[in-house]
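In what follows, subunit A forms one complex with subunit B and a second complex with subunit C.
Presenting the complex of A and B:
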């Protein structure tokens, strides 16, 4: 019992650190004026989210989060930011405008809406979480689900990635062609 | 069989809701399309955290599968979005979402 409560306290401490890192870096992404710093803050956000996923027994998703997001996607972001040059823009430029006030109002309304809907619809069974097997969330478990119950999702995901890759190539290649290279009729 | 240690799922859902609202604020407030894309990633990750939290709460792996699919869609969206930003930059268009109104009818 003592060991169980010590583990509980440890998980609480890790959760508090990860959750505050997550929220702080999220606010930092939105408020930095330089997109380079915003991208770096987003890497911290993704890393602390991976810790939260680990606490929720989602080991494979946490590993994929670090590899795919913090690795591949953010490197692409940093390359593009370095390519087009850092352009600073202050989020609160020119005092309070009606646009900024509307944005803050809309985001606050979204937050209230999320809290109210989850509180009304899901609060009944949130206090008690199911006990899960030790294999829950492991790569073998995810792989078996992907190839049995969720095969259609797996195949559709591959098509989405293929379409996005072709779209990226077309968007990147089209604008490189300068007008003089186009054969005249 | 292991029980959930630490905070209840509702705490995770609170973090997820705050993340989603923060991302929405960034999308609505910022004018640089790169930061709009970064804020969109925060919104998607808020949704992912809620999916994984409910997956753990119900002991059902379907939520984790959904989160992985969302991750793939987010990667695709970043590819297309960054391709558009690079194409706009090559055409010497100002990277400001308030001024990108050429397609307006």
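Presenting the complex of A and C:
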């Protein structure tokens, strides 16, 4: 019993740390002047989101999040940023102040919208906890959903990704060929 | 998730495993130097202790006692954290690798792995993909051209070969019908060791492992003649030591993963020796990796890339598709 409640406290501590890390790194993404640090903060943000998924029994989603987003996608971001070189000027410096005001207004509107939607739609469901199956969130369960209920979306996504991959190859091959077409001196 | 095992047993086990892995790392460096020496008709380390057995300890003392300085232009915080990320992810990956069937000690059941998670395999790949940041961030934070070029190469190479690495084990996942490493090992114990039906997968996995650990002949990220030492050019003392530790532990972990996925983990052909079989198989695989290093010269960068994308990836994809068809057909 003591250990069970200790586990509960541990879950709360992890949740609070992950939630604040998520918010903190999100703010850090837009406030760093160096894009490399922004990208690092974005990795932290994606990582702390993965921790939140873990707390919700979504092990597979958490691992996929780290593998695909925090891993593969962000590596590409860092690669490009490190290649292009550091730009130390802050993106917001010298910008018109109405942009900042507009961004704050838009963010505020979004926040109000989210709170209202959650309040209207989920007010009754938030009070009591839902029973979750042991199989919920396992790779087998998600795979079955992909191949039954969400087959069309799954297949369309794969075609879109395939088209994007082929497009990337064609663009890359084109730019590689062009120096040879230029007559050398 | 931990099958009725009290949390403190997991904790003790984790501490033991981390120390064992560090010990294994220390003596892998010894084994590598000794084997490389013998393969090149030298003696290798033979001064510190009998057979040079105390050499890793001497190296450790030397590295720790070195003055830890860094380039003036380096970005300190990130520069210091980078080797820690590399080592942390390397060590953490070992948590899901099963090394025994589990034992009854006094009246507690002790599992043969630290954490038995349903997504063990994906977790290892996820940790591996985070481990890349150690190299990239370290190279970038050093503010040196060699380091930056080294980390660019590391990044391109590791991302390229990660695709083949993940695809090569898809066949094993399909045959084992699980992403849980314990289930995969048990399945092999009950049916057949997967290296026989998955030979193509094993070969792709093996080459991808050499590339992922950036060992010769795929050690382009730290090609000495071109890049001095790649992403860790500006690192010295124990910070450099952490990068090296991470590299060797990755090699041990991936060998252990190969044993788990293709050679039935702790199962042996005859006597039920449990973890000893596991250790023996990992030892053999690590020795083969060292042997390859001694035998094959370094590839050119374009050869490395075309080998990864034009040879390994198609083979891995074909292997996965054919395995999927066969698994459905047999069912």
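Here is the rule we go by: the second predicted complex is superposed on the first by the 158 of 185 C-alpha atoms of A that agree within 3 Å, B and C clash if a C-alpha of one lies under 4 Å from a C-alpha of the other, contacts with A are read in each partner's own complex, and residues count from 1 in each chain.
Following the convention adopted for this analysis, a residue touches a chain if its C-beta (ideal position, glycine included) is under 8 Å from a C-beta of that chain, and two chains touch if they have at least 3 such contacts.
A quick note: this is a predicted structure, and the numbers were derived from the prediction, not measured.
Trainee: Using the superposition on subunit A, decide if subunit B and subunit C clash or fit.
Mentor: fit
Trainee: In the superposed arrangement, does A:131 touch subunit B (first), subunit C (second), both or neither?
Mentor: first
Trainee: When the two structures are laid over each other on chain A, which of subunit B and subunit C touches more residues of subunit A?
Mentor: B
Trainee: For A:51, using the defined touch cut-off, is the partner it touches subunit B, subunit C, both, or neither? Pick first, second, both or neither.
Mentor: neither
Trainee: Considering only touches as defined above, state whether A:40 meets subunit B (first), subunit C (second), both or neither.
Mentor: A:40 contacts subunit C only, not subunit B.
Trainee: Now for A:11: first (subunit B), second (subunit C), both, or neither, which partner does it touch?
Mentor: first
Trainee: Could you look at A:168 and tell me whether it touches subunit B, subunit C, both or neither (first, second, both, neither)?
Mentor: First partner only.
Trainee: Figure out whether A:82 sits in contact with subunit B (first) or subunit C (second), or with both, or with neither.
Mentor: second
Trainee: So, A:63: does it touch subunit B (first), subunit C (second), both, or neither?
Mentor: A:63 sits against subunit C, while subunit B stays out of touch.
Trainee: Look across subunit B and subunit C in the superposition and give the shortest C-alpha distance you find, in Å.
Mentor: Minimum C-alpha separation, subunit B to subunit C, in the superposed model is 12 Å.
Trainee: Indicate the residue numbers of subunit A shared between its subunit B interface and its subunit C interface, in ascending order.
Mentor: Touching subunit B in the first complex and subunit C in the second, residues 7, 60, 64, 72, 76, 83 of subunit A appear in both lists.
Trainee: Show me the residue ranges of subunit C that touch subunit A in the complex, using the header's touch definition.
Mentor: Going through subunit C, the ones touching subunit A are 6-7, 78, 117-119, 122-123, 125-130, 132-133, 136-137, 139-140, 148, 151-152, 155-156, 158-159, 162, 179.
Trainee: In their shared complex, at which residues does subunit B touch subunit A?
Mentor: 1-15, 17-26, 28-32, 34-35, 37-39, 41-42, 45, 48-49, 52-59, 61-62, 64-69, 71-80, 82-87, 89-91, 95-96
Trainee: For the complex, give me every residue of subunit A touching subunit B.
Mentor: Residues in contact with subunit B: 4, 7-8, 11-12, 14-15, 19, 22-23, 26-27, 29-30, 35, 38-39, 42, 45-46, 49, 52-53, 55-58, 60-61, 64-65, 68-69, 72-73, 76-77, 80-81, 83-84, 87, 89, 91, 99-100, 102-104, 106-108, 110-111, 114-115, 118, 122-123, 125-127, 129-134, 136-137, 141-142, 145-146, 149-150, 153, 156-157, 160-161, 163-165, 167-168, 171-172, 174-176.
Trainee: Over in the complex, which subunit A residues touch subunit C? Could you list them?
Mentor: On the subunit A side, the touching residues are 3, 7, 36-37, 40, 43, 47, 59-60, 63-64, 66-67, 70-72, 75-76, 78-79, 82-83, 138-139.
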